[in-house]
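First subunit A sits with subunit B, and in the next complex the same chain sits with subunit C.
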Partner chain A sequence: MALELEYDRSLYGKEHEAGPFEVTEDMIISFNQSISQAGPCYNNKDAAVEAGYRGIIAPPTLCTLFVRRVQLPDINLKFGKTRFHGGQRVQAKAPIVAGDSISASSHLKEVYAKTGRSGTMVFIVWETTFTNQLGEVVADVQESYAARE
Partner chain B sequence: MTNDNQIYFEDVELGDEIGPLEKVASDQGVIDFCTLWGNPIPNRFTSEEEAAKAKLSGPIVPGVMSMSLMAQLITDWAGPAALKDLDVVFRQPVPHNKPLIMTGTINDSRQEDGENIIQCDVLMTGTEGERYIIGTALVSLPSRS
Partner chain C sequence: MYFDLHCHSVSSDDSRATVEQYLKWIQVLRKRGYTVDGIVLTEHRKFDFDKDYAQLANDYGVVVLKGSELDTRFGHFLVYNVSQGLADDIDFADVRMDARELMKAAQHHGALAIPAHPGRFGIGLVEFMDKGEIFEDVKIVERLNGGGRPGENERADELCDSRGYLGTGASDAHLASHVCVCMTNFEMDISNEADLVAALLSGNFSPVRLEETSIG
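Presenting the complex of A and B:
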């Protein structure tokens, strides 16, 4: 029998916005240092320009830093005592370049239950679209939070 | 945007392996990442006490940081803007200061919307075979023609 999930379904279709966030060379280089990200296009403006970019480009996951700056409401899920970050997806649509100003818009994508060997878990998936100052979508990020019984 | 080490679509076959790439998330690296992320310190990623409160055996690497390490497996191999889609599941907490081994296996290649797309399974493991992260990546490669 399918689990009847109780949560705030009125959140579907609502967008929660944040930003714009300035992406600076310093930010990209600090990000690279924290994860030991090498590569000339990520660290050297001349190399990036020579490769055809407007400036130093950000590694494709840098936008994940901004996801939690969007104030997301509690969906009031009536399930489980423990929650954890279950998964994440980044779809890179265009390079994020130093000097860009990107805005975030998040919405509740889906809530679903899955039953495995360790019991039932409920997944809450939020999707955030990032758009740069040119109106170009640069990335979609999905974050999945799991609630366990 | 190619270079002498560029991998081309025609160079890869199903079953080809990517990596391994070995990384370590140091204590300082995690602190620096959390600072940039805007996550107030101390937290369960940086502090034994905060980790214990969250019923963890020690501070862990944030999922978003682990994913950023994982993305390097692809960008080191295929180029800085080659990664189109990385979809991962966090299977167990990722520890600090231990070797994290990332590998990929190509399981499909196709042309899609004018792009040459490679699909691969990606995996982050520990030295004892612990499976920390599993996932799938889509990579766009240039053609020789």
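Presenting the complex of A and C:
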């Protein structure tokens, strides 16, 4: 009586792309204000350049603004009645700098079941890689969605 | 020897602690006068055959063993001394597996599977026993779980006392500072997973809270 998860497995190996997204100073400063990032390299171009950056740098989580811009397909999971956001993990790889042009590429990483106090849940995990105009990977973001019985 | 028999590293989907963070925190605990000899990484629904923590273990002077915590239709089970043979026979990702089959397969392969947090509401073994399910192979359960909510460890106590089960202790840590809050005190020396199973089968162990290991 194994739990056989039914969903569109043909989505594995397919990349879903979006962008490029222009990163502006205004965007970074607004993001800084929303998370109280007051560091000089995040807010002052002279300080950032003096520290060796090409311009003011963005908090690593800035790329989460762009994750939802990728149009992800429905995996047609046949499980549960309730869906909710299961969290994000951001792995910063290189600084995101004002003036950068960031592209996103998402793929289905895994679908798995787990059990807990509230019953069985199925997690759908998407992984998005962000790359700048120089071809550098600046961040990987894992985002999961949960389905509950 | 004091061992934390149940903790999760970043290899598990819901943990944020690296193995090295655990080992660094254990150094803090030791400086505070507590005794910790080893930990067992019991990752969710998997076994990390490819991971080798020998160098880290040597660097920090902590025995680091590997195990699994598997979901079953009768709650979670901790599995010690996992082998490739066991992984070939049991689908570790199957959350609806029969725990009784898991216990038998584990025994067949020289491993040991015991119920984790049996008093946990909604998912602990007690819930299923109360519904009439019988588990003849259960002799040891995780009696003291560091992640338990009020009342859950007490249900595990009642289970052990009423059925004569032996009980282990473990943190169920998912964060570095939570590791070793509960442990198991063994009389035997343990340096590998086979030793651990032998020590558990010997019956000479008891669950302890971290405070009980203080040498100060």
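Some observations on this one:
The working rule: the second predicted complex is superposed on the first by the 147 of 149 C-alpha atoms of A that agree within 3 Å, B and C clash if a C-alpha of one lies under 4 Å from a C-alpha of the other, contacts with A are read in each partner's own complex, and residues count from 1 in each chain.
Going forward, a contact is a pair of C-beta atoms (placed from the backbone, for glycine too) under 8 Å apart; a residue touches a chain by one contact, two chains touch by 3 or more.
If you're wondering where the values come from, they're calculated on a predicted model, not measured in any experiment.
Judged by the touch definition given at the top, the superposed model places A:R69 against subunit B, while subunit C stays out of reach.
When the two structures are aligned on the shared chain, A:A2 is found in touch with subunit C, with no touch to subunit B.
Touch criterion not met for A:N43: it reaches neither subunit B nor subunit C.
Of the two partner chains placed by superposition, only subunit B is touched by A:H85; subunit C is not. In the superposition on chain A, contact is made by A:G119 with subunit C only, not with subunit B. By the document's definition of touching, neither partner reaches A:S105: not subunit B, not subunit C. Set against each other, subunit B and subunit C differ in how many residues of subunit A they touch, and the higher count belongs to B.
By the touch criterion given at the top, residues 27, 30-31, 33-39, 41-42, 51-52, 57, 59-62, 64-65, 67-69, 84-92, 95, 142 of subunit A touch subunit B in their complex. Listed in rising order, the residues of subunit C touching subunit A in the complex are 13, 44-45, 71, 73, 75-76, 91, 93-98, 120-123.
If you check the complex, the residues on subunit A that touch subunit C are 1-3, 112-120, 123. The touching residues of subunit B, counted against subunit A in their complex, run 1, 23, 25, 29-30, 32-33, 36-39, 63-65, 67-69, 71-72, 75-76, 80-81, 83-90, 135.
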